[in-house]
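Here it is, the structure in full.
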Amino acid sequence: MSDLEGLYQEVILDHARRKIGQGDAASFVHQHTEVSPTCGDRMTIGVAVGDDGTISLAWEGQGCSISTASASVMSELLEGSTAEHAHESIDAFRSMMRSRGAEEAPEFLGDAEVFQGVSKYVMRVKCAMLPWVALEAALGQAG
Amino acid sequence: MRTTPPRDDLDLALTQSRRDFASIGHHPGRAYLDSAATAQRPAQVLDAERAFVERDYAAVHRGASEAVGAATEAFETARHKVAGFVGAAADEIVWTENATDAINVVALGLSDASTIAVDSALALRPGDEILVTEAEHHANLLPWQKLAARTGAVLRWAPVGPDGTWSIDGLRDAASDRTRLIAFAHVSNVTGLIAPVADVAELARSLGAMTLLDACQSVPHLPVDLGALGVDFAAFSGHKMLGPTGIGALYGRAELLNALPPARTGGSTITTVTMTDAEFLPAPQRFEAGTQPVSQAVGLGAAVDYLDGWGMDRIHAHETELAGLLTEAVAGIPGVRLIGPPPGAPRAAIVSVDVEGVHAHDVGQFLDSRGVSVRVGHHCAQPLHRALGISASTRASAYLYTTPGEVDRFGAALAEVRAFFGADR
Amino acid sequence: MRTTPPRDDLDLALTQSRRDFASIGHHPGRAYLDSAATAQRPAQVLDAERAFVERDYAAVHRGASEAVGAATEAFETARHKVAGFVGAAADEIVWTENATDAINVVALGLSDASTIAVDSALALRPGDEILVTEAEHHANLLPWQKLAARTGAVLRWAPVGPDGTWSIDGLRDAASDRTRLIAFAHVSNVTGLIAPVADVAELARSLGAMTLLDACQSVPHLPVDLGALGVDFAAFSGHKMLGPTGIGALYGRAELLNALPPARTGGSTITTVTMTDAEFLPAPQRFEAGTQPVSQAVGLGAAVDYLDGWGMDRIHAHETELAGLLTEAVAGIPGVRLIGPPPGAPRAAIVSVDVEGVHAHDVGQFLDSRGVSVRVGHHCAQPLHRALGISASTRASAYLYTTPGEVDRFGAALAEVRAFFGADR
Amino acid sequence: MSDLEGLYQEVILDHARRKIGQGDAASFVHQHTEVSPTCGDRMTIGVAVGDDGTISLAWEGQGCSISTASASVMSELLEGSTAEHAHESIDAFRSMMRSRGAEEAPEFLGDAEVFQGVSKYVMRVKCAMLPWVALEAALGQAG
């Protein structure tokens, strides 16, 4: 597997096309927009927490294949999970992304494990983190 | 995809100077096409700085010892060299941290001239206008936004067309008799457009406005005579012209520099200080607060010697050819849109493109995997990109050490991008 | 004239590090006693900077290429090192051109907070007070004079006594419930006085005022933990701590840095820019406009490694002994007046004197002819000198590479000065 | 002759003690104060131009032996000369001081020739120039 293919694994390119969770973020109670300073891309995450403590979410914005795939993978993974589990997942994802390829993803991160390859590319870590950071802030508003 | 380039005209001696650049040898598989962001430093610059530090380093302009004398002389000799290089007198060159800082020295100085100075001829009043273009680097936009906020002046701009370039007519339309300052880039860091400086200077004169030239992308690449161009202020950076990081320069006509209040103050800028008041030295010292980038000035002096050794005419001719190769390489690729002047039109060796269906970050990543190092992003020019309907682009830029082969590799790799990401389907 | 010094306690290993400093070897006949102005750089610092430039140099925080990744990492690693060295978090360290610039970032930021920001908690109002001491370096005085002029705030100060030192009581007397900021040097560059930082920080807390510590002469010489000292801001320079010129650092508590408007603006400081408006990144990026002193940061990181290798406790102990030797050497000479704390009192290895009947320039010239390189002048502290009734003084200062023999030579040469100029008659 | 003695020649040390021309500069029609930035010293020159075109002058201020001797030598040399000759002398003195020891003084500079030794010490050139620069500015006011 070449470096490039380690980064752009099929799962990532696939999610970048499928864009799971892309939708009307503005219609959700809690929203947060995060900006990538290098490319100026904005991503908005909308989130709502149901009475049973589970969340529903949507995202909106343009980005590179890494940030788009990351948003898609994240949506698939966390839609319907508890807010608590979402926080755990964000922490685990961040920890993996900061590890420069050293840290394996815990099982509960599911498809998000493919971003381990991205963590070796310091300048792309921010792209992959963009939706997760935005979700964290939006969940923060939900309290 | 591209026709055989007229390589015979390329100055191969120049690209052979690659040997002077250890960093190029260190990455034999990499084509470094990001010199518009920052250039590599030749051994001559590194050696000169080190020799100075190991032999003559001491405080500058403070104290009277022999050590101070030797260091001060090396420091001021560098100023003379840089001044000569851009057609200025030595006391018209102020050292700064970088070009951004140089522009801020003017913007902050005009702020103080407008708010706390007594009767300054440089004061801006509410409703006065500052004129820029929509293509400016953030370094030549944000400081004017702040100046406007501090003084009540209004920011106006010449819009860019669909290719990202602005015209002198557009600038004229945006000007008025309230225009006090026109700030514009000599060469755009995104489009490669070379500005009609003489026309802008004439427009400014007719309005009684000052001019500030962002010369970041011109001084390293073309012969530039700031005195002859007739601008009032200019800014450029050491690290883009083979010199060290940590140093830049502000040029200003002596009379204006001496009228501009120093907004950043400290040691070595003054004649007399009491607890409540200070009298400042004439320019350039009044702006050089605190210990200056001393060894960096010496390094920049050596960079100027290096550039002079090749000759700026020769470097410019070489890069003009590379600019032609770059635009040709790009023009033939389906789904790749060239930003800036069309192929054949005059431009600097800076070529930015938008690849249909592929985000610039992904384009850059793909090129990187092919050993081609380019710049992706908004290149500190968000308004320009917004006007083009994109958030980011991919930019290749050349310098004296760039070879036609590197341009070839860029073109070949770029041609594969859309297929890799499935954007050609 | 002076008793045999307790040389056995001096850490000779430290002075043996002289070998690392090519400039010292280059001037075998010279005693360099001007490290308080600027320090020499060891080979380790020069090598680290050069290796970086030759291998990993590229743009930082701009673009996404592998080259940019490597350079950005080296640059941010240096920030972590420097932050750790002074007990700060990495995002509490802002790179600046020098310490002077760091102080200006705060002064200019508070100006904007007071004049153009909406409802800033940091705004100063007319009649608010800024408190300094009469002993401050111009770098820690002039920016506050300007801040006062821009906001209508009033500058107050603790006076110095006949030896040039100030006291916490004097500072308390000059404080009031309008005091918004106390700015003071940790170690005076003229008197060598070590300030009672904890007392000042407590005074500030009791008044609800901010503190800014000018740590130029402390961070290079003592173990300093800014977090533990409880100051809000601090400034220091690379070139005084074995690092390159062209780089300094501003420390600020994260919460304050994020509330402080960036007065100097440009590329890499923003998230979103339109033609009329800009949103800024959190600290430190919001203050780091334009291409930063990148290789200088790497050099400063290596300087911190070098200092850590010896240990700041050890360096401080060595210099405390040299301070003792210096004051002793001076105390016995007729017609030579010691400025600052008396012999035996705690002080840094900075000793300034006034020689009766001989101007400091002439004293320095005489010492120079004896191979002793000192600093003469007002040392950017004119108000302090005025309070002492002199315009200039002669200063010797030491660092880890300074030997007792150099202090001897200073003392011996100083003892001859008055006779040479006929001032002893 | 050691370096130091080349700089501090007997004539200089002597003039630094005699201080010819030291007086009440403030009582003259034209005055100018020049400041040395390194040491903060101020020197004020007062000058008056008589009907016959000759000048009289006095200086005031503290300085190092170089600037004091320079003021003394200058006063001795130029008291009673024409303004024109004073300007010529200032130019000749400046030219010598900028020469780093390379340029001999023209005969009409008299004792001022001893400052040739000072011109080798870049950081002291300003000290020697201080009174001459101040005189030039004061004469400038006289028109």
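Labels for the chains are A, B, C and D, by order of writing; each one numbers its residues from 1.
Here, contacts are C-beta pairs under 8 Å (C-beta built on N, C-alpha and C of every residue); 3 or more make two chains touch, one makes a residue touch a chain.
Note that this is a predicted model, so its numbers are computed, not measured.
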Hop across touching chains from chain A and tell me the fewest hops that reach chain D.
2
Could you let me know which interface, B-D or A-B, is made of more C-beta pairs in contact?
A-B
Euclidean distance of C-alpha centroids - chain A vs chain B, Å:
37
Where the CA atoms of chain B average out and where those of chain C average out, how many Å apart are those spots?
31
Can you compute the centre-to-centre distance for chain A and chain C, using the mean CA position of each chain? Integer Å is fine.
44
Residues of chain C touching at least two other chains
62-66, 68, 268, 270, 272, 361, 365, 376-377, 382
Which residues of chain A are in contact with two or more other chains?
38, 40, 121, 124, 127
In the complex, chain D touches chain C at residues 2-4, 7-8, 13, 17, 38-41, 62-66, 121, 124, 127
Of chain C, residues touching chain D in the complex:
358-362, 365-366, 369, 376-378, 382, 385, 391-392, 420-422
Residue ranges of chain B touching chain D (in the complex, touch as defined)
61-66, 68-69, 72-73, 268, 270-272, 279, 281, 285
Interfacial residue positions of chain A with respect to chain C in the complex
35, 37-38, 40, 42, 121-124, 127
Of all residues in chain C, which touch chain B in the complex?
22-23, 26-27, 30, 32, 34, 37-38, 40-41, 46, 50, 53-59, 62-68, 96-101, 103-104, 108, 112, 115-116, 134, 137-139, 141-143, 145-146, 149-150, 155, 157, 237, 239, 244-248, 263-270, 272-278, 289-296, 361, 364-365, 367-368, 373-377, 379-380, 382-383, 386
